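Report on one structure; see the data block that follows.
Here the chain labels run A, B and C in written order, and each chain numbers its own residues starting at 1.
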């Protein structure tokens, strides 16, 4: 063995770890909120919209699902200033992450919408409900219930994906790691610590999804498993 | 008495495929009309045109003072006056029986929730399921679900009710309870148009029976007359089969 | 010196892309081999084995790939093993792939219902024989579309090792961006190359799963 593992030097940088964790949480929650809204709009646009809109949305979906998040991040961060849009690091990171999540969420949510039996939508129509009321009262909850496992595993991937933002020096956990590592020279200990923080955050988020599921679906609770049943739908990693 | 439902030479096609052409039908208030015919003869399609679930390509439909033409866009007013019950029940699985029934009264008619609850209780009593008011659909039998679906449609106080093979998905021993509800509804004076495979029910309950064949109304008449004394060989063959 | 993005640079990117492909193939094959062994054990093994495999999957899937890459990188040097970055990259990507493939294939094995097992029992086949002749062939068939779909993720995941300085496609793009200052041209080309690899895989996966669904009707 080259040396004994020592965590104390790493833990001396607790304030940096906490700052990094907070930034990661901010980054993740903003990206998730924006990405899910984008996905919802995308899914509705694809199923209800005119065909040109539907084609535009599926192009967006395919482009973002078939290129790496890191490259998307570089495009947003380095390329937007070229067309005169100077975006701060955090904004670039949230934008890239949200666009990426939005693409996956569009497909996931759409799968939920089309899984609702046609007769239920027709029942809504014949009761005089408007398209919007049908989405709101008849489609929303059952569709969300169907896709909940896939959607929440995708959200977990977005949480973990925030680590990529260290590539443009967003001051989140992974950046904190490289700072601490360069000061302590305790690389392995630093990354083990960071990994443990990410693991705790992931389980915390899963617990949160479980609670939300319990509130939304009064009855059958769909637990958010880490199963990625269909990698075509959900991503995996970057 | 002037008709409450009137189809005037309506035609329907899917792309190049014609389902029917030039169909006319007139239904008086309180009349019960049974629609029979072979699979694929266009029964469901005709029924679905009456509340605008299918767009027509020609002719016009008058229902309770509303008019549907091929170009008609706004169907909501019309649908408030026409209730429909489906073969597959189509209850909303995430809502209780009460919520299934009160949804449309609350969000469409903007009833207050006590008013909507009162309506739910009264329609549920009429289908004999008041004790299931807080149950979820998947805890009910098929027959019970279909009765709730009827109650849900009735809660909007429609002037006309459409039924599309509402007993076809049910086990034989459960069809009776649903047919009984429909019979009571007919006796109470509801205008009803029903597509059915239950010949005896059509014969006994419907005032008029319509036989559809090859995209046309092939034969039409008072039920007792039509079943005992079919005029066309096609209807004779259909009844005997 | 600032250079203008040119055809030579595209060649440079394509050379990076060959590393992306090599890494993808290595991590898919190694991760796949591990998962092939562990997925059946995850379903059928004795409960401590099932629990440990499940724990492994849970932990890997709760850790960012980037951190797994760093852990492999520094873990190896901690063990005094000094290998080129290619190995750290290959190992971490394989670990990551294995965790996801175990989950995908576990789902496929579990999708084969009890009656099939019971039919095997009725024919007096041993557990291994039931797996070999009845369960795995069927699981294999339904596993193909999601596995092809997962390859897309494998290819995209390799981009992360750019952050430890391994010159694959994304890193090549970063280097070019530093000398050309033409991020649009550079990263759009990079994205286009990834897309040309990933999109056909996505389409294939979609087609295969459509075919299975049609056959089931």
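In this section, a contact is a pair of C-beta atoms (placed from the backbone, for glycine too) under 8 Å apart; a residue touches a chain by one contact, two chains touch by 3 or more.
Worth saying up front: this structure is predicted, and the values here are computed from it rather than measured.
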Per-chain Cα centre nearest the global Cα centre, belonging to chain: A
Chain separated most widely from subunit C, comparing mean CA positions: B
Subunit A and subunit B: spacing of chain centres that average the CA atoms, whole Å: 46
Inter-centroid spacing, subunit C versus subunit B (mean Cα positions, whole Å): 54
Centre-of-Cα separation between subunit C and subunit A, whole angstrom: 20
Residues of subunit A defined as touching subunit C within the complex: 1-3, 62-63, 65-72, 74-75, 78-79, 82, 156, 160-164, 166-167, 174, 177, 187-188, 191-192, 194-195, 198-199, 202-203, 226-232, 235-238
Subunit B contact footprint on subunit A (complex, rising order): 117, 119-120, 122-123, 125-130, 133, 137-138, 141-142, 145, 217, 219
Subunit A contact footprint on subunit C (complex, rising order): 57-59, 61-68, 70-71, 74-75, 77-80, 96, 100, 103-104, 107, 145-146, 149-150, 152-153, 156-157, 159-160, 162-163, 170, 173-174, 177, 183-184, 187-188, 190-191, 194-195, 198-199, 202, 205-206, 209
Subunit B to subunit A touching residues, read off their complex: 51, 53, 75-76, 79-80, 82-84, 86-88, 90-94, 103-104, 107-108, 136, 149, 152-153, 156, 162
